[in-house]
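One structure below.
As written, the chain order gives the labels A, B, C and D, with residue 1 at the start of each chain.
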Amino acid sequence: MKLSHREEAGVAILEPRGKIMGGPDATLLHDQLHEFIKEGKLKVIIDLSGVDWMNSTGLGILISGLTTLRNNKGELKLANVTEKIQSLLTITKLVTVFDAHDSIDEAIKSF
Amino acid sequence: MKLSHREEAGVAILEPRGKIMGGPDATLLHDQLHEFIKEGKLKVIIDLSGVDWMNSTGLGILISGLTTLRNNKGELKLANVTEKIQSLLTITKLVTVFDAHDSIDEAIKSF
Amino acid sequence: MSTANSPKTYRLTVPSIPDRITQVDEFLEANLQKAGIADEIISDIAIAVTEIVNNAIDHGNAGDPEKMVKMNVTISAEEVAIEVTDEGGGFDPGAVADPLAEENLLREVGRGIFIVRHLMDTVSINGVPGKGTTVRAVKKLPPATS
Amino acid sequence: MSTANSPKTYRLTVPSIPDRITQVDEFLEANLQKAGIADEIISDIAIAVTEIVNNAIDHGNAGDPEKMVKMNVTISAEEVAIEVTDEGGGFDPGAVADPLAEENLLREVGRGIFIVRHLMDTVSINGVPGKGTTVRAVKKLPPATS
């Protein structure tokens, strides 16, 4: 996984790319979320358009981001969930937990 | 801050030492807690006997450990809280949040 | 496809270092691609195999870099069979908590085996205390269209 | 104590890199020790100063390593005065959420200024949009016993 991030309309947007399979991936994403919290950026979107696939490590990172932000009065939204990831979210019942949007624009408006 | 850890009676014991003041400290402690969760070690004690002092970064790390473990059905206990840290926990009302014990033995028994 | 009639087995052994999962995935995907398997199916298998190998590294061998994880990948015209063996203490898959239970939904871990069962056609877990765990997972391939 | 009658000021400027907090603390504690201040009091001041400088780096200068944090430490027989200035946009301390409110107790952040006010005797925060923030915090010293 590669990770970049940008800001739009006061919202921090995380852009992981590639595959989220474990090993170094979890630390990278988690550290970035904590960096946001420290800087007071508590509205975060994860843009999944560039993610080929993820396994349960990836799902765990998304949940960790969600709960960490919630504990800090922030919010996490997903955007551009691909079909493969959507199917994982569905079978694991995590669709009920995440707020997912079809585009970054819609995700931004939803805060 | 320096960080080591050991295991006793099925409980993971984290031993930070020195001062917890921010910068690299938060990442170190947080990564170790996530490592424990991955390995299924969900009973964790933080032994504070070697910590000279901490600022709000340190308190934030303790809270992050607590909530992360709780989200994963684990539990965090504090042991050997020094006077200086106890006074910070008291004025910030965090005494009501943490389960603190006078010794590692007592903390282990409390799980 | 040239490999249609003769099953081929590829073997890889890695030490229990979490970051090695990248190498395991590259080895797996390269061999499945060489066999002409569709990308859609490759990613299903890759998701499942990275789950199994992460478990072998983290839970089976408890991250001890002296302990090895062995993987066999057997590709035939009909199926892809994966076998992963660690040197851990074995475990009882029946005792794993239900990741779909309401109170477990926000746990960061505990969905790996569930996802493997969903993506692969047959999964068998053989944990022998003192002898480690072998997980065998098979994905059936669609009939060749040419 | 030789420094009893002439206040001395020590200055340090660091770029906004989070890990530099270690250097700030070493500089501060070394100078307070040299002045013969008791360890108990030094740690109170060090906790407060690391809070203020972390804020200057993280919030004021938003972690931009091109922006600097300046610190003055003035030690006299009666007190230690700290002044920390960043190049950020300023802020309204009155708008900071109450860290003792029930719904904020589990937040990881938001206790810094509260702790500074508790440990130091007087604290003033001067945020000027476009000119950065200066935080001045004073710790009174107990009368010399010798």
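Couple of notes before you dig in:
In the analysis below, contacts are C-beta pairs under 8 Å (C-beta built on N, C-alpha and C of every residue); 3 or more make two chains touch, one makes a residue touch a chain.
Keep in mind that this is a model prediction, so the values were computed, not measured.
Note on connectivity: the fewest chain-to-chain touch steps from chain A to chain B number 1. If chain D is disregarded, contacts among the remaining chains keep them together as one piece. More C-beta pairs touch across one of A-D and A-C than the other; that pair is A-C.
Among the other chains, C has the CA centre that is most remote from the centre of chain B.
Averaging C-alpha coordinates per chain places the centre of chain B 35 Å away from that of chain C. Per-chain CA centroids place chain A at a distance of 25 Å from chain C. Chain geometry summary: the mean Cα position of chain C and that of chain D are 53 Å apart. Shared interface positions of chain B, i.e. residues touching 2 or more other chains, are given as 63-64, 67-68, 71. Residue positions 106-109 of chain D are each in touch with at least two other chains.
In terms of which chains touch, the assembly is arranged in some other way, matching none of the line, ring, star or all-to-all patterns.
The list of touching chain pairs reads A-B, A-C, A-D, B-C, B-D. Considering their complex, residues 35, 37-40, 68, 71-73 of chain B touch chain C.
The touching residues of chain A, counted against chain C in their complex, run 19, 21-24, 52-57, 59-61, 63-64, 66-67, 84, 88, 91-94, 96-97.
Touching chain B in their complex are the following residues of chain C: 58-59, 62-63, 103-104, 106-109.
Residues of chain A touching chain B in their complex: 26-27, 30-31, 34, 38, 63-64, 67-68, 71. Partner chain A is touched in their complex by these residues of chain C: 18-22, 25, 43, 46-48, 50-51, 54, 99-100, 105-112, 114-115, 118.
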